[in-house]
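Structure in structure tokens, see below.
Read from first to last, the chains carry the letters A, B and C; within each, the first residue is number 1.
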Amino acid sequence: MSETKKTNIILFSGDYDKAMAAYIIANGAAAYDHEVTIFHTFWGLNALRKDEPIQLKKGLMEKMFGRMMPRGVNKMGISKMNFAGFGPKMIKDVMKKHNVMPLPDLISMAQEQEVNLVACTMTMDLLGLQKEELMDDIQYAGVAAYLADAEDGAVNLFI
Amino acid sequence: MSETKKTNIILFSGDYDKAMAAYIIANGAAAYDHEVTIFHTFWGLNALRKDEPIQLKKGLMEKMFGRMMPRGVNKMGISKMNFAGFGPKMIKDVMKKHNVMPLPDLISMAQEQEVNLVACTMTMDLLGLQKEELMDDIQYAGVAAYLADAEDGAVNLFI
Amino acid sequence: MSETKKTNIILFSGDYDKAMAAYIIANGAAAYDHEVTIFHTFWGLNALRKDEPIQLKKGLMEKMFGRMMPRGVNKMGISKMNFAGFGPKMIKDVMKKHNVMPLPDLISMAQEQEVNLVACTMTMDLLGLQKEELMDDIQYAGVAAYLADAEDGAVNLFI
């Protein structure tokens, strides 16, 4: 029985460093021939946002959430030492110096390795995010689809 | 072999949004016929606190912790954008608009679906929380009981 | 088939309370005869730092990170209520009162129980941490080694 093993990551956090960790593990697991899924929910959806603002009809609440949340990975903060935006810039400078892949490259690599990038439709609705605002070639699903994958998962993580 | 699959969630966080995620996954897994346990530890215990203050004999430290920590889910903050209490109110307004169940309803649904709600006795002791302050019909256990469940778990998450 | 079960914990967080949770679970699992590994990455590496400053040749960035990050567990903050350093002192006082092991003792116990303490080499490089700054008798590995353990893990957690 040489079944493909599954790695399922829930990315709940909107922090740059936590998203990095999620994508580094995902890329590693894909290289290990796992079938890998990252299920983006709540603030983790911001990792899938397009950089440019999209004109859409939205209610006031959704507009406010949309403005307050980072548009794309380059606007995301980090979970520690995020004073005056100093932390994210510093960590990106250090990453460049040490040839560590920045988050957008980690996401591209995940797509090349056929990691399933899933956006949680329930929280998209909750935060007023629409498909036009998110990256192309991603999947849309809910908690039932996550559980169907996770119950057979070799590695399940909540990040 | 049609064994019941187990989902075991450690709820460590006291954030409203993370507790929501925990209970949404738990309810989904229960609907999927998993045997589900949420093990509430550290700040996650606040999700089990009763709304009303309870008069108990406590030491100074325990009194201070008791006052500083949110009493029940409606007082919990959210993990992001919690400026001046704006975040939690906003997310609750949006939830109501989108017919997403608020946390107290998610907890009631979990109880109806016979999700095991467990309070970690070691951290209750540490934070000076007593059984009278927590919801009725919950279970009390320690890390050994958690591990006995988790080692057979199909889905294990730390939230 | 009486195979040893594995518990694999990724400790990403640099919070005192989250590190406590990780080490309490690890010690419990070791007492349960699991083979246990804590993979320290990002801010979780701070749990492995020696208390005393070490003189090393470092670039400016690495020096700054080194100074900004807590040196050893006694300098770590907690994830909630960390105002003016009040939270960590308070929680340590309460721990002492309730005979809960402080983090350094939990780490020693883990070492006595032969829990594998692993430092993530990629993030060590990123944060400019060198082996001389970390505790003795730990292991060094990357994400591939983590995944090799985790894909057979009974309990996998990201903390």
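Criterion: contacts are C-beta pairs under 8 Å (C-beta built on N, C-alpha and C of every residue); 3 or more make two chains touch, one makes a residue touch a chain.
Since the structure is predicted, the reported quantities are computational estimates derived from the model, not experimental observations.
Because chain B and chain C carry the same sequence, their contact can be compared by residue number, and under half of the numbers here are used by both. Copies chain A and chain C of the same sequence differ in orientation by 120 degrees, per CA superposition (steps of 5). Taking the mean of the C-alpha atoms as each chain's centre, chain B and chain C sit 25 Å apart. Contact with two or more other chains is made by residues 156-158 of chain C. Residues 5, 7, 17-18, 21, 24-25, 28-29, 31-32, 34, 79-81, 90-91, 93-95, 97-98, 100, 154-159 of chain B are the ones that touch chain A when the two sit in their complex. By the touch rule above, chain B contacts chain C in their complex via residues 10, 12-14, 41-43, 59, 61-62, 64-65, 68-69, 122, 125-128, 143-144, 146-148, 150-153, 156-158.
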